[in-house]
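First chain A sits with chain B, and in the next complex the same chain sits with chain C.
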Partner chain A sequence: MSSIRENFAPTKKYNTLAFALMAVGIISIIALYISTHGGTGNEEEKKLQDARFWASLMQNSVFFLLIVNAAMFFICATTLAWGGWQLSFRRVTEAVSACVPVLGVIAAAILLSIAFGSNHTIYHWTDAEHVKHDAILDAKKGFLNKGFYTTVTLLTVILWSVLGWKMRQMSRKLDNEPLKTMEEKKKYIWNNTVWAAVYIVVFSLTIMSSLPWLWLMSIDAHWYSTMYSWYTFASSFVAGVALMTLFVVYLKNNGYLQYTNNEHLHDLGKFMFAFSIFWTYLWFSQFMLIWYANIPEETVYFKPRVEGAYSGIFWIMFLINFIAPLLILMSRDAKRNYTTITFMAVLIIFGHWLDFYQMVFPSISKNPPLMIADFGVALGFVGLILFLVGRTLSKYPLVPKNHPFIKESLIHHT
Partner chain B sequence: MSVKKFIVGNFYDEAVLFPAVKKVRRAGYKIHDVYTPFPIHGLDKEMGLKDTSLHVAGFIYGITGTTTAVSFITWALTVDWQINFGGKPFFSLPAWIPITFELTVLFAAVGMVLTFCWLCQLAPFVKKDHFNPRSTDDTFVMAVECTDKTSEAEGIAFLQSVGASEVSVQYRETGWWLGRYDRDTTRFGKKVEAAV
Partner chain C sequence: MSLLRYESQVRPPIVDGNKDYHQVTEDICRPVETKPSKLWWVGFIISLGLLGFGFVSVTMEVIYGTGQWNLGKTIGWGWDITNFVWWVGIGHAGTLISAILLLFRQGWRTGVNRAAEAMTIFAVMCAGQFPIWHMGRVWNGFFVLPYPNTRGPLWVNFNSPLLWDVFAISTYFTVSLLFWYSGLLPDMATLRDRAKEKWRKAFYGVAAFGWTGSTKHWQRHEALSLVLAGLSTPLVLSVHTIVSFDFATSVIPGWHTTIFPPYFVAGAVFSGFAMVQTLLLITRKVLALEDYITIEHIEVMNKVIVLTGSIVGIAYLTELFMAWYSAVPGEQYAFFENRLNLNSPYGWSYWLMMGCNVLSPQIFWFRKMRRNLLVTFFMSILVNIGMWFERFVIIVTSLYRDYLPSSWSTYYTPTIWEIGFYLGTFGLFFTCYFLFSKYFPVIAIAEIKHILKKNGDNYKSQMDKVENESIEKFADDELHHGDHH
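And then the complex of A and B:
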């Protein structure tokens, strides 16, 4: 293990790209702010314009927070299963998950500004006057109120950050203090398992249930779906795996991660393929029951999405997120090919970004806002992730060589 | 369906088997098959076996199932017997997806199981020749196929030199056959070694 390149050093090009993308993001936010504010029109239209601006920030920050957090879910799920195959590129997933505190603070700041702002276009339930006359929202007051919203948002970001930090810390500690005896190794694995289990419980109580209800589903406060959180989770996880895969491919192409080979790439491809299908399953379960029952209070969600101005985005999103992975990623050779896997990873991240886009925007405005600025904001977040991941990767060795299961990853064979 | 002549060597250790396979192939002998008590990772690559086409077959069965389901339901519910379900259009694709999915899975699963049995020549009551019954227990058995040009003595000596023990020459049926192991010593009219 001596001859491998253990430490990643971001090239100048890498950092320039990251900063350029961040600059694009900031310019887009400013452009979006200018284009949505200062227009003429009545109070109603002005509020709608303002909501578009905030909706764009919200969609992007929530989406990118959830996909980087999916990396920590990946680590904990594999740790709980006592998996060893992922260890050769585990530091990459750790670096991706290390973005959570920064993106979490950004997302929480944006979400709380929306909840506590004077514009109630996005979250109707924050308008106390309105709730008084709205029997449905009045009944949901115990759940949809600013106090609970704030508590859950802050608690989530803090717990994700702290537990994620703990998991990463346990992994990094091994680099300088190798485990000597079998007893120590067993104890280490046990400790990891316990912390991973704690994280998974927090994860399931947040992203798999309450969080999407509060952050995204409450935009349509009258409507609800029991599938929504699972669906959001599937979306974020498959995009998260795609993001990790992109970093793995980038590092491989630059001569790092010598122990990661086609076998590992094949398994990442399987995750992308399988969770695309899983996403479709949840998407369809939500869609078909509502379509079949045809009850107005439920179809109100799909009406502006399937019909009307957003139908193009809706079906393109479905095509990218289901049909493309199904047909392109099905074969073994495609999952082992760097070009296909990179192409599909980019496509999947874009597809699920569109998915989040159609989760947020159709409920706010009937006509799609100009999307170029939204792409710009997304690129800004991509730049931020690139910068943060590059910085974290360069700080620690790329291979956790003292992990008790590392051998499993080196001889991994599918 | 043909009886062929084989030189059969037995190995007791994986670590001997792997280099032996490599050497036998490099020497130009044709390995008919290697029989092992359990699956061994990497042996297929060492033997130069081609990847299975079972998954391609599975894909074809799957899309056959999809097509069957969609076309049949479409015909039944829009042409043959139109039923008004709560005002839905006759062509209601979302409602058919679960059945389409199930039929896709059914076709793919059943088709692949049958194809697998066909490729491996497995069926009820059908028999296949064993080179050494111990390959189902604790021995790795390598069967090298003899051609007209193969010298028996040379082949035996070579297998022994790469670590095989109890090397023997056997006449065996390569395909599947119906009959009984304890009685039949001919396959399709040709003589083979007694099975037990």
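And then the complex of A and C:
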């Protein structure tokens, strides 16, 4: 009888890489700070430079928070749908989602610093003096104000963390207390379903509505688009699936997750493919409708993105996020090939990182579009995620072997 | 031992009544092979009556023009386009069930897919009537097809979403029909082989396209299903997306909003499932198919209804919020005065929509409600009313007061011929459905057999031993393919 190789032990190489990347991140933040501060120029230019620095922190912290949180969405959506196939690598998704509290605190700290800081370049609406003379922003005061912003930000991070913890707790509890009777099993699935539903409701009210409006859309405070939040969700979810896939592939390559095989990888590939198309669908719908109606209040958003300094990023992002997955992930073999899947996962995460970049930057900084330090900051977050996921993975068994549906996952065929 | 079929005992069976393969065939073929009941005849004749009323209404419109309808100065689209969008929306559940749920490996779809797909096809047929007869000079209808012609500059307008509709809906109809019919082939062959009368053998013989049930046939059939599922999946999204473009590409307040495409798709699936519930609750009862369309099927579909209803709800609230947030007076007037204000001429229709589509489905958060047939039936009707009013609200409340108060329409009410046209499509829909339920197997026989050994109650009960063995033992048996045996 074969035994399960249950616990992940991060190799020295793994931890070194994680710490090295975090060091790169910290150095990049310092370098970015130095290069954007202390320059000569008038007050206005100095403010723009300072905003450039904060915008990078904001884009990275929000992006990486949303993609690790996408793992919990994946868990809850599959739980609600009574999925069984994903259980063989369920602990990987749990470990990714366990980054939410740490990244949530970092993102909240950065966002609140921006909202309460003295530089109002990113959030014009935080400048009371400016709002007085701006009739449109004045009309939005009931929503765009620091109090509401703080409340929603903190509440979101707390709720995501607590509900995510609850979902993981229920899963881990089974490791030591197996379910004996059918009644217990049914009750367990029922409880999971209820908590997953609660999470999905919170998720919908945050990321699929209010949160992206406050965090990101309010950078272009005059502009509005009803699609915006669903679009942000699609972007972060597909990148989140790519992130989970990377960890699954890494663990497989190192001899773990023996019950996970090409069939599961194939399905993850399908998710990456399908949600890349879904993202494109929302991208196209938002863009096309604004372009077609051609109302100046709305086209103002795409003007600096499609034309001007950011147009390169805009179209490269489109190429990476749509054309590449469409052509490369279409075939069955590609989705079952470790190398292709890894390559595509990295590409998709990078592509949606660029997507967030072009959501944040164009209305803050006219140029230059990208700096090396921006990539450095991103690598810092990657290092942090590596470290956190590695730590969580090593604490708990890799296979939730007492879950009522685990056997279905073992004999899964696509 | 290697198990080809296993699922957790936690999952309830979805084929009840201790069936074997033969019994499945018997049960599902029975309605086709016996004389229709009195109830069937009553329903069928009422449907034909409605169809006749529709025929008269359309004839009136063709002879006297769209002036027979109460369209006003600003309401160029009234009941007809409301009905069009409503029927197209209903036509979404079938393909979602057959295509997307196939890709998601949802076994329960086998109980309901045949009837839902048929419903889709009939609903799209009904939907198509409205834009066609709305043309007024319907004999020029072929002008919408782009082909080199002698009409000089009179070429279709490729920039118009209305033309995109022509392509979207005709593609959707074609692919749905192919999907539905290719799934029917094995069952048609079953009916042919069982037939005793000559005409029956001839009819089902032609309909079965020479299906023999050979391995090669099955192999091609499976491959075709997957390809058609892949083609249909984007179509489920594209059709209603393009219908939403009819509105959203404009600059009309209440129409021009970027969330329209996914929100229309969610709404379409929502109304489609409601209609599936309405039809199947009756069908399973009348044709005694409760063992195949079980309470589990009903419950799962109610879950889809509460999910899509809530997505639609979030979209409504997003629109409302953005109207306020945009600080655009026109948008705010359209939403807060023409819709939200209960005392405005059409305020009641907005609240009716909200009540039916957003509030009422929330009772499906409760398991007891999801499994209550009466509640489900009542709710399915309510949702269909609500979704009709959604389109009515979008169309009429955005149009009846345009930019010039001098051209504001008076209160729009349909004429008898507008109502007759709508009722006529019900006639068409139910006539088709009654014929379908008499001459076609309403459940996919072959597909039920496919899942029987995994999901049938009798087979499931044999798997207790597997359920209770340790995962290590199970993995040894299954993953090493009988090394120890």
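Operating definition for what follows: the second predicted complex is superposed on the first by the 410 of 414 C-alpha atoms of A that agree within 3 Å, B and C clash if a C-alpha of one lies under 4 Å from a C-alpha of the other, contacts with A are read in each partner's own complex, and residues count from 1 in each chain.
The criterion applied here is as follows: contacts are C-beta pairs under 8 Å (C-beta built on N, C-alpha and C of every residue); 3 or more make two chains touch, one makes a residue touch a chain.
In this text the structure is predicted, and so the values were computed from the model without any measurement.
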**OP:** May I ask you to decide whether A:Tyr292 touches chain B, chain C, both, or neither, giving the answer as first, second, both or neither?
**Re:** both
Original post:
Between chain B (first) and chain C (second), which does A:Lys401 come into contact with in this model arrangement: first, second, both, or neither?
Top reply: second
**OP:** Would you sort A:Asn262 into first (chain B), second (chain C), both or neither based on which partner it touches?
**Re:** neither
Original post:
Regarding the shared-chain residue A:Ile189, is it in contact with chain B (first), chain C (second), both, or neither?
Top reply: second
**OP:** State whether A:Asn15 touches chain B only (first), chain C only (second), both chains, or neither.
**Re:** neither
Original post:
For A:Asn145, is the partner it touches chain B (first), chain C (second), both, or none of the two (neither)?
Top reply: neither
Original post:
Which partner does A:Arg332 reach: the first (chain B), the second (chain C), both, or neither?
Top reply: first
Original post:
Which partner reaches more residues of chain A, chain B or chain C?
Top reply: C
Subject >> chain B and chain C contact sites that coincide on chain A, given as residue numbers >> reply: 288, 292
Subject >> chain B-facing residues of chain A, complex >> reply: 284, 287-288, 291-292, 294, 330-332, 413
**OP:** Spell out the residues on chain B that touch chain A in their complex, using ranges where they run on.
**Re:** 41-42, 51, 55, 59, 86-88, 94-95, 97-98
Original post:
Where on chain A does chain C make contact in their complex?
Top reply: 1-4, 81-82, 84, 135-136, 139-140, 143, 182, 185-186, 189, 197, 204-205, 208-209, 213, 224-230, 259, 270, 277, 281-282, 285-286, 288-290, 292-293, 295, 297, 399, 401-402, 404-408, 410-411
Subject >> Touch list for chain C against partner chain A, complex >> reply: 3, 6-11, 103-104, 234, 237, 241, 245, 248-251, 256-262, 310, 314-315, 317-319, 321-322, 325-328, 365, 466-467, 471-476, 478-480
